[in-house]
Structure formats: structure tokens, C-alpha cells
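In the two complexes that follow, chain A is the common piece, with chain B as its partner first and chain C second.
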Partner chain A sequence: MRQFILILSLLQLAMILSGCYDRKELEEQAYVITIAVDKTDRDNIFRFTFEIANPEVGSSATTPSTNEPAQEMISVLGTDFLSATSTANSSVAKEITLEQVRVVIVSEKLARSKEFIHLMQSAPSTVDLKLNAQLVISKEKAEEFVRHNSPNLESRPHKYFQYMLDRARETGVIPDAPLVRFFQITEGDADLFVAPYASTVKKPKDSYGDEDSYKAGEIDFHGGNVTQFMGSAVFKEGQMIDSLTGEETRYIHMMDPTFPQQVILSTFVDPLEPEYNIAARVQLDKVKVKIDYKKNQTSTIDVYITTHLNIFAIPSTEDYMKSQKKRKILYDSIQKEILKNGEKLVKKTQEEYKAEPFYWSLHIRKKFLSIKDYEQADWSNKIYPNAHVRLHVKVASLEFGKTLRQSDIGRVRD
Partner chain B sequence: MFPWQKQKTEAIEKRENRKISKNLKDNIAYLEEQYSYGLNYDFESKSVHGPTGKYHLLFYSTTVNTQQLSNHIVSPLLEVKKDIPINQILSVPSITPIKNMGEAEKGLNEGSVIIFKEGLAEGFEAKIQDFKHRAVEKAENEKTVKGPKESFTESLPTNVSMFRKKIPSKDLIVENINVGMRPAMPVTLIYERDLVNDEVLENIKQRIKNITVDNIRNVEILEQFIEERPSSLFPSMLYTERPDNASNFVSDGYIAIIMDNSSSCLIAPITIWSFFHSPEDRYLRWAFANFSRLIRAIAYFITLFVSASYVAVTNYHSQLMPIDLLLAIASSRERVPLPIAFEILLMEVAFELIREAGVRIPSPLGPTIGIVGALILGQAAVEANLVSPIVVIIVALSGLSSFAAANYSINHTLRISRFLFIAAASVYGLLSLLGAILLWVAYVVSISSFGVSYFSPATPSTKSTHDTFFRKILKNERWRPGFLNPKDWDKY
Partner chain C sequence: MELTKKPLRTREMVAIVFMIVGLKGGDTTPALFAEHAQNAIWLGPIVSFLVLLAPFLVLMYLLKKYKRFNLIELTFHLIGNKAGTILGLLLFASGFVALSTDMRNVVEEINYLYFPNSPTIAIYIIFISICILIANKGWETIGSLTWALLPVIVLTILAVLIVDMRDAVGYRIFPIFGGGADVVLKEGISKSSAFLEFLLLPIAYQAFHQPKNFRLGIYTGGILSCILIVSFYALYTMMFDYNTINNIAFLYQESTEIVTLGHFFTNISTFFMIGWLFSSFLRFIIYLYIICWIFGAIFEIKRFEGLLLPIGFISMMLSLIPPSFAVNELIVRETSLQIITPLFLIFPFLLWGAAFWKDRKKT
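Coming up: the complex of A and B.
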């Protein structure tokens, strides 16, 4: 009996002491907020740039602010996330931890190369790295992107990325792309993965188009931070193949039932005075996708998009509110415009990419009894590119904000 | 058992059985010697020469009501002309004849007046005690805003009268059991004859009778002699100073135990829920009472787990924290020399010191505690980089919450358990904390109070008022607590 107790207490001791193995004091760790990865001239060796948050800046209202910068940036070579971390630790005093990584930035050059998928393979096995970190593709070198990015108002890096990504996702111009989604789609091997596209280098387009038919870097603005999040990078089989504009990304949001349904802001052509635009907040119901699968024939895909519009700017001062006839015109025109743009995007994916970024493969999987059947039918190569896609757009309701009638320009000018 | 004990008992018995003699002088001489007349300054031995004979009074001047003595005993004895028995002369409410010296001594000890008459081989005991005690005051430790305000006081008759006032019924039994030897003190059990479970009652009576200690003077000591697990963290009797609370329990079939010299009573058997209930929960309306229950429930969880969770999360699971909070904690801890677990323990111990000192400190010095506690231990400790500000907040929160407990008996349980949980959390993070909580809950569920499961009616589940976390609307409370198995389950 006594021996038994002794053994028990020794076991207890082992448990107690092994507890200390995992214990880390908070202030003894350096929290990485952003990881930027670049291609080097050697294969499978990457340049990792870690942006480490300085906890002392901006976290307390009472303690006097230090002169230290809000973040520290360190750039090392490595083959995967973990080995780069340990290399970086040779210069950073505190233990570097990847637990709080919010954003993984990958340069377009690396994303377009075959090595990208090898880099990403090391992410899930890195215990610390949480898979809900966002993947962002930068047009220029990722290291440059991180170094150029210097927001004036949100000096703490994690705040900047949190607000920036949340805001851009709300307007629908960039997609939600956690690392875990990359793996889901890439391993599913049927759909395209889209990731936010960003840049800090301005190359403005000459013409002013709609407010969202840009890609990152093309917007002409002055002042503020140079960083732009706009559009998306398209990945096929773990490799980037193209980039889409903000508007196209917005339509991906409309048609993909797995994205959280959000309210997005958009403009439409004023049907009565086409030189003006109408600004609206578009609220989407969950999109419904029905696939009529016919073996060895053209399958039909029906997509039902229902929107609720809240129109809050009619610069042409056309009175849509009072006239039922004009309202009908507006309904039809908006439906037509959404339909036209949607069909254009679908056509592009069918012909150019030969795969879709809407995660529709989820809807065809249930038509097959076994995974083998499904793989044989080959959604991405055979079914989708040849399928007949029909969009059904319905504007369910229109609201006109706070005003009850438009001001009469003629009378005002008079 | 031991020969000297036998001699002692024999001597006592011989003395107690000594008959009262017809000779007045003998009786007086004997009692004056027993009571060290002359040495005991308050022991009085007075003779009264009335028209019908010679009387003698013996009493403690400090324990009898002197006005009653002169008006209702001495005056009638002096005035009576006919030779009638003493118990018919005197107009005091309680007068009993006594046969032997044992009874005389008992009466004297209890503060009665002993009256002898020349030529009569019997005495009389007139109960006109006037022991001093506090008046009925407001409850100090179990305050309520709504509901009766009076509390028990250190006098058995007063306390019993408060019970009788609340439950005016012939079924309310007030039963005495003597406990101890030097001298034997009565322990009073109060219960409703037609409700109480006889098994539980017999269990409690047996435990009281089995006490073999020289004396027990109040219920606080008695509690420790009759409880089942004296070293357990969980009390098995409820200690309350509110007569309204006690009578609520009695009218549900519980048993109240009171003693002279105690301004509180014990309720047995008890379940853990009763410690979390305040009598006000029944006086307040349904929604208000349950809101206050909710706040208290939150307070219990905070006091038990907030410090331990902080230790576990910061040490082992920092990825669980929002990054703003994480960076704020990390930056405030940058200059703190102690590990988090010790930091928390330091502040918890400091808080316990304030609490302990606050109870003991003489009231003129009371404000010192506030200054020392708030300024030195809070602000100055942070400024000196001994602890981080968030730890001060957490410890203050958990300390404050521990006082939201409705009953003081459970307050210590919560506070000591908190230290156990902190220790557990610092070993292996949330894993070991959960392990500790599991063991703790398993223990609470396994124990019982006088045969009643400590966690009922939650588990084992029985018919009852279901008054655990929240209470029902009073009209819907149909059953008496079934875990007590009262003689009558139905309230209607």
C-alpha cells in the first residue's frame, strides 16, 4: 500500500514538473503579427519577414508612451515557417511565437511559382500558426509590402490589418481567405481559391471607371497610407493563375454560398440618365445553387440570387420614389446589370480558367454515390467548363434611404 | 471506568440525594457552606419573619429580578395571616416544591430563589430569573432590504418566543436535550412534529446525546461536535441569525438547533443550495429575486475561477486571448519580476490579510484598512512594479465576489477552494484546472448532511420546490423538499 502511494506521488511529481515544460510567461514572448514570404533565387528557400508587435506601444492609456517603434521587422531565409522562426530568434531576444499571426503575405511572384504549395504544406504542421490567419497576395515583393505599409492612425500593426481586412470584406472587394480555406479548396481539387490582392505601389489607371473595377495599386488617391486592398488573386491547384478586379470579386461573393452573407456597397447605372450612377447598399440572401447533372451531356446549373437594395444616392435627381413606372424601370435595369456582369464572370471562369471560384463543387458532390464516381465525373475539367449556367437575379425590394422625394433640380436652379 | 471517577460520581450522588431537613438551620448551614456564603459576594441568604412563621430565602442577587422578589415573594410572606402552603401564598408565575438538596442546588444555579420554612421538610423554588442579555436587534451579518429585520439574541426564551411568534402552532415542538457535565446545558431542538423526518431527528438527537465533553456553551461549538466531517471544507449545517429564515426552514421540515448564549441557530440537515440562498430571495418578487440569484451565481463563479483561469490562460493558452488584451498584459508585465502564478498568489494573500485585519481591527482604527488596502496594496504595488494592474483588478474582483455569498458559512469554502484552483491551474493549465474542478464537484456530490445528499434536489433529483439556481413562482411551488422525506410532502 505504501509503495503504491509512493509510486502515485512520484507520478504526480512527474506531472507537476512536466507542466513547467509547456509554460511560457507572456512577457517573455515576441508576438508575430504578420509573416511575409518571398521567393529567393534558390529553389525552395524563401525569405521570411516577421513583423513583431511591440506590446508597450499603445496598449496602456496611463503609462507614458515609449520612444520605441510599434513593431520590429526581421527578415531571414528559411525553408518553412518554423525553421525561419528559430533563425529569427538568433536576433530577437524574446521567444518568437506565431500564435497571434493575423496575416500571411505572399508575393505574387512566389504565389505564381510551383514552390508556393510546398511552402504552404508546412503551415498546418506548424503547431503555433493558427489556420484562421488571412492569406494576402501582394503585387510587389512581400517584404517591401510590409515595410512600405505604414498606417498613420493605427500605429499598432495588428489593429491595422484587423480593421483593413474587415472593412474591405464588408464592401466585398476582397474575399475572406483564411489559410484553412486554401487547404480545403486545394485538396478538394475542384474549385478555384481566391485570396485578397494588395499592393503598396501605385500605378493608377488613367480612366475613371466604376469605383470598384480596379485591382490593387490602380486606385489614384493622395495622402494616407500607400497600401491598397483591392481585388483578388485566383489560385488553381495551389498556384496563382490570375487576378480579378474588385467588382469581379464582389460577384464571386454574390454567387458563393459559403461566404458569409454580407451587405456590400455597389453602384449601378442610372437607367434613365445613363451618364449618372446610382449608389446602393446591396443585401444578399443566401444564394441557392441547383445543379442538374447529366452524365456525358451538358449539365445545367441554376443560380438564384436574391438581393435587397437600399438606394442612397441618386445623383441624377430622377424621381424613382414617387413614380411606380420609373421604379419598375429601375428594378429591371438593376436586375439586368447584375445578370450581365454575373454572366460575364461565369463565362470568363468557364473559358479562361476552366474552373469556378464559387465553391459550387459542394452542390454536385451529393449527386454521386462514391468519391470515386465523383472523381471520375471530373467536375473541374469536364462538367463545369461545358455546363450551361443560368443566373436568376431577383431584386426583392428597394428602399430609398431617408429622403422621401428627390429635390427638383429645375426648380432649384430656377 | 476509573476508580477515582467512580468515587467522584458517588460523592456527587450522595450530596444530590440529601433530603431537606425539617430543621431550618441545618438546611441553611448546608447550602451556605456549599455556596461559600460570605466569599461569593452576590450569594444572599435572608430570613423573613412573617406572622405565620419563619422563612428563609437563598438566591444570587445578580440573577434574580429584585423587584419581583420584594413585591411577589417577600411582601406576601410578611403579610399573610393564615398558615397556608407557600405555593399558594406567592404570586410568581412558576413555583415548584423541591424534595432534596440536588434540586435546590440546580434551582440556585439557574438563578431561582429557594424558599425554606421552619418545620417543613420541603423547599420551594421560585423562578424569577433575570439574566441580562441584549435586546432583539437588527440582523448584522445577513442583511436584507426587504423582509423582517429582527435577529436572534443571546437568550433562549427570547429566541424560542420568536419561533413561537412565527409559527403559532401546537405542532411546533421545542425539545430540550442536556449536554455536558459541568454544568449540563440544554440544547434545544425546534421542529414541526407533523413534518419532520423521524430518522433525521433521531440521528441528530443521538449525535447530541453521544457528546462526552464537560461543557458546550453555544451552538458554534456544538456544530463542530455533531457534524459528520469536521475537517471538510463544506459545512453540513447552516448557521443563521435570522429567525424568519430559521422558521422558513422549520416549516419546510428542517430542524433548528438553538442554545442559550448564542445569537444564531443551526439548521440541519442542509444542502449546498441553501448556502447560496438569501431569505430575501423569497421576499422579493419572482423576477427580482432571480435576478439577484443570477448576480450571485456569477459572483460564485468569478470568485472560484477568475484568478485560476487567468493563471491558466496566460501561462499555457495565450492563443485563447484577444490580441489587444494579450499585448496589454504583456506590456504591463514587462517590468514585473514575479511569475504570474506568484503574482496572483501575492495579491490574493494580501487581500486575505486585509479581510482578516478588517474583521479584527477595533472600529476606531477601521478607516486605516481602507487606506492601506486601496492605496498601498493596490496603487503603490502597481507603481512599484510588484504586480501588474490587471492582477489587481482580478484579485479585487474575486475578493469582492466572495462576499456576495448569502451565507457566511460558505464564504470560507469559496475562498479556500479558490487557492486550490489557482494551484491546480498553475500546474498544467486548463487541463489540470478542469481536473481539479472535476474532483471538487465529485466530492461535493458524494457527501451528505445527516443522511441527506448535499447536492439534492439537483442530484439525486427528487420532488421539491426546485429552488436551486433559480426559484419558481411561489404559487407553483407545490412540494416540500423531498430529499428530507418529510411526513407531509404536499404544501397544499
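Coming up: the complex of A and C.
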């Protein structure tokens, strides 16, 4: 009898274990990796393109005989993320889930329209969509961007975007832009938000120019995937107003203390032989910003940038390593170059955008006791555009990589 | 079976206080403060704790003076049976309302974030059944269970703190007074009953090995809870900014969702769900038990465990009346807290006055 009861209660356990309402079978899920959103002819109706990953591709657990493609793309009309998902389910047999979305791609046309902010407002209330997904602005239609993008070496789409964004961020040419940052900055209403700018349509600039003064689509390269991540899109009050080059984005990184600290790669003009460039890895200390706020007067903003340089290519073979004098020249020249470019960017933001993308509003907040006072002082409209910004650049150390001295090209040529 | 009659000691009390008060750092209470205080939500609880400190100390003084009583017995002893019953019922009613609104919030949280397709009522029934079943086992079991599960919960909390710290930006704490110093002060005082559990816990004054255990436990636990709540609230401010924080209902879960650990661990929020779920269960087990205890003490019901079922279910029914979670949190909970607060700030002084009167009459 006891055993019988025991077996009965164990059977009941099975009922509990099987779950009821929220049971989800892995087999029945379609994981969306990328959402691309486009503007349509009608207001507040958007075209959503979902890129659904095939989890069987690229995993070592299953037999490689599968002939299914790595991804499936489906494009539907909708008003917000959730309703578009359910529409898309009319053609996808599996249940579409947004939990694994890593990238939200928005076309430039949509980003520049007033509807963009309405679309974004539906993101936080979409339970599935995690706010750490990255926002990317595509130069062409977002749907085309996703369709053109066909990486050869990394066929799994979720890995591709993750690696791609990480690599580009490493060189500092695109900013880190999770959705949550968009909301923090847009709702804070004091700063500009920057998002990565990407393109799959090549319109190369003719000249080589400075190495990173490109925007997406302008780099001239052959072979490989057509996608380029370069530069950033600037948003003011939830609407895109301009795009910046990779070089300018790098300076935003230098001056914004809230970006994760990182090492960026950059080139500088060789001071002794200006036709050559010097390649260096720049390690940035956290930037220090001091704001001297004067009510109804010009405020002064002091920005202290400290860098540690690791130079690994001197094509001019100028001997900077041994000569104290030459090294001094190099120090000064690099400092001057960073200063010049930084000041150019600051001037551009003050005059053209009348707001800054460096998140400096954080630094003035401690001058006020309550949010009311702070909002009355009006950082974005009154203080910043009229402020006097002083950059202080310091190259704290120079390293020369693994070589001890440059080989003497003159003697080689002999 | 009575080897030691009252086996619970200080450590269990610390765990219980920590569970029932400290975990308000992870539910919807911060959203309640964020509405007006904005990025000064972390100052709100400090004000509340300071305001509650005076009545709490008076109560502890009285309990220490009249050694043999718990909260309700003390009331009866000091102000007589009739007035004592009325005051006791008022305390019970306010605790009951707080229980109902809090429970609805937590159930909605579980429902909305983890089981979106299930009906609220199903989750609610499972939740409350588990609470009632475990609470039925008695105070000793609850105490030991809380102590046993404490490591899991503390580990979760520490992990969340460390992980969240990566995305926090210290400057966001400024302007220091958020919505304004006066607003913060007003919010902190009027909503101080969000932590009313401090003044209900003395019902268990006699349930420990020695009353000293209780006192030591509630002080240590209270200080720990205060630190935890304030640091969590400050962290929320530093992660979201002041305008965003007003819009987010479940700050704890949301904060774990936006952080990533490198490439591989991109969705780590589920790791922190287990500890949170444990703690939520424990919190309401303790709370429900205490409410029934108070009710039992008022009407001198010895085996008040039998009350768990009716009180639990009535509480569930009542809390399902507000049409939605937002109404429950922003209207029902806020208003009820504002109404309850004066009672909790005044009643210990009332008892004190009565004690004073009594002493004078004797001499």
C-alpha cells in the first residue's frame, strides 16, 4: 500500500515537472539575432526584417550533414517590435523569440525621421528584447544591409556581429551603443547619443587621406564581405542629425569617461618627415573633466587627456628611440596633433550641433543640489554651446615595441 | 521532543530581518521612491530609517523593561484590553494591507518576467500555497530554513552587486538631492512605513532562546539591511539615469539584464533569478506568519497556524482587486503607505506614555 502511494505521488511529480503554461521547447524556438527596421511610406508603420539563426550550423554537437542555411530572413510590416514578431510568425513555423537579439539595425532614413523615437519607445516594454542589444545605423535600407551582409569566414550570424562590433570598437572607430544608453542619454536630454554607422554599399573616396577619416562605405577594399563598420551616427533628442568619421569617433572615445576604457589604434604624422605616418597603440587613462560653472557667464570646461603610446611602426626609419631630442619632438608633435583634432571636434559640436556627444553633462551635475536647478541651468542649450573648452593633452609615456632601433635604410640601399 | 524549547538564536534573527527588510532592495520599492525623489532614491530609505529609528528604539526599550511580553501582550498590558485590541487590530490591518500589496507586486514580477504566458492567478495560487505550507511548519522551521538558505541569497546579492558595478557611472548620483531636498525628506517620511516590518517583528520577542538574541539580531540585521538597501538603490541610480529610472518597474531584474560578461555570457539575468525567487518565498513566508501571529495574539488563539490558510487566501483575493500592477504599485501601495505611516510613528510613543503613567500611579 505504501509503495502504491509512493508511486502515485511520484507520478504527480512528473506532472509538475512537465510544466504547463510557459513551457518552451528548444526545438520550437526561432532565435532572432538581428532586427532591421526601415521606414515605409506610411507614418509609424515600419518594415521589420528578422534574421533568424539556425542553431545547428557551426555547432560541433550535431552532424555536419545538414543542408539548411545558417540563417533565414523574413521581412514584415509592423508598428512595434512585438506586433511585428507575431506577424512574422505567420510564415515561420517556430515560435520567434527576441531573447537572443544582439543587434538592432535602423536605416539612416528612419533614424533621421521623427518616427524613430516612437519606435524606440516600444523597445523597453518588449519583455523579450534585452536592452543590452547594440544599435547600429545603416547608411542604406536596413533590409538591404542585412541581405547584403554575407560573411564568408564566420557564417554564424550571432557570432559575426558580435566579433565585428568588438573588433571595430577595439580600434575606436565605432562607439559602444547598447539600447539602454540610447534611453539614458535621450531621456536625460542634455547630450548627444552616438551609434555605430555601417554600410554594405561601397562608394570609396578617391584619396587615401588620413587613415580613419572615413565613414562607412567609403573605405576602398577588395574581396571579403562588403559590410563596413565605420564612424558614428549622431543623435540629438532622439533624432539623427549627422554622421561622424571614424577618426572623430575615436576622439569621442578619448573624451568620454563613460565608455569602457580601451586601447585604440591610431596613426600620427611623423614630425621629422611629414610624408610618413607613425602607427601607435594608444592607451587612454580615464579622462578628467573639470567644469567651472558661472551662472549667466561663460563657463570654462577643462579636459585632461592622458595617453600612453606604444609605437610599433615608424616607416620613415627616423631614429626616435635613442635620440633624446628627436623623442622630445615626437612627444610634442603627437600632443599637438591630438590637441588640434580634439579642438576641431569640440568646435564642430559647439557650433554645428550645439550639444556634445561626450556625456559631459554628468560632470556639471554635482554643482547643483536638485534636478530642478540643474534643468533650469540648461546644459545643452545655454552652458555648453557658449562654454570655453580647454583641452590638456599629455603623452605620459612612449614605448617602442619589440625592436631596439630602426634599421638604417640608407645603408641597405647602398 | 522538547530538547531545547526555543532553539532559535541571534543568527537566525539576523537572517530573518535581512530577508524581510533587506530584500526590499530587490523588489518594486525603489520604483516607489523613484517617482518623486528621482536620482536621490537612495536617500529616501536613509530618511525613512532615521524616522523609524525613534519609535523603534522606544519600542525596544519598553520590551526590555517589561521582560515577559511580546508586542501585543505589551500593548494589552499597558493600555488595557479594549484599547489594546483596537491598536492591535490597527497594526494587524496595516500589516495585512502591506502584505497584500507587496505580494501582488512580487507575483506580478514573477509572472511578467519569467512566466509571461501563465495567468496571474495560477502563479499566485502556487506562490501562496507554498508560503502557507512552509509557514505551517512553525517559527523554528522558518528560522532554520532562512538561515540555511542565507548563503545562496547572499551569494546572489554579492554577484549582482559586482556585476552591476561594471556598468555603473558614479557621476549619475548627482545632483545629490535629486528631485529636491524637501521632496526627498517628504517622501522618506511619508513612505517610511515601507519598512514597517521592523515594528511588527517584536511579536516574536519571546520566541528566541533569550530576548537578548532577538535584540542583537534585529539591530545587526537592521543595520545590514539598511546598508544593502541604500547601496542597491544608489547602484540603480548609477546604472540608469534619473529619467529612465522613473519608467522602470523592476529595477533589480532590469539591472541584471543590461550587463554582459564578455562574449559568451550575454544573458546572465537568469542566474540571479534563483536567489531572488528563494528570497521572495522566504520573505512572504515570514511575513505571513508574523501577520497571523499578531492576529492570534490579539484574540488569544494558541494554535494560530490554522489562520494561515484563511488569512493568506483573503489577502490574495484582496490584492487581486486592483486592475493592474501599475495601479497597485503607484496608487494603492503609495496611498496605503501614506495612511499607515503616522500610526507606526506614533504608537510606540503612545505605549511609552502609558508606561510612564503607570509607573507614576504606582509610586
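A few notes on this one:
In this section, the second predicted complex is superposed on the first by the 392 of 414 C-alpha atoms of A that agree within 3 Å, B and C clash if a C-alpha of one lies under 4 Å from a C-alpha of the other, contacts with A are read in each partner's own complex, and residues count from 1 in each chain.
Simple rule for what comes next: a residue touches a chain if its C-beta (ideal position, glycine included) is under 8 Å from a C-beta of that chain, and two chains touch if they have at least 3 such contacts.
Quantities reported herein were computed from a predicted structural model and do not represent experimental measurements.
Look at A:Ala53: by the touch rule set out above, it reaches chain B but stays clear of chain C. In the superposition on chain A, A:Pro178 makes contact with chain C only, while chain B stays out of contact range. Residue contacts after overlaying the shared chain place A:Ile117 against neither chain B nor chain C.
By the document's definition of touching, of the two partners only chain C reaches A:Leu362; chain B does not. By the touch criterion defined above, A:Ser370 reaches chain C but does not reach chain B. Contacts of A:Glu99 after superposition on the shared chain: both chain B and chain C are touched.
Judged by the touch definition given at the top, the superposed model places A:Lys130 against both chain B and chain C. When the two complexes are overlaid on their common chain A, residue A:Glu187 makes contact with chain C while staying clear of chain B. Partner contacting the larger number of chain A residues, of chain B and chain C: C.
Residues common to the contacts of chain A with chain B and with chain C across the two structures: 22, 99-100, 102, 130. Interface residues of chain A, counted against chain C in their complex, comprise 20-22, 99-100, 102, 124, 127, 130-132, 162-163, 166, 178, 180, 183-185, 187-189, 258, 362-363, 365-366, 368-374.
On the chain A side of its complex with chain B, the touching residues are 15-16, 19, 22-27, 29, 31, 33, 53, 55-56, 59-60, 63, 97, 99-100, 102, 128, 130, 156, 158-159.
Those residues of chain C that touch chain A in the shared complex are 38-39, 112-119, 122, 169, 171-172, 174-181, 183, 240-244, 247-248, 254, 257-260, 263, 266-267. Those residues of chain B whose C-beta lies close enough to touch chain A in the complex are 314-316, 318-319, 323-324, 326-334, 336, 339-340, 426-429, 432.
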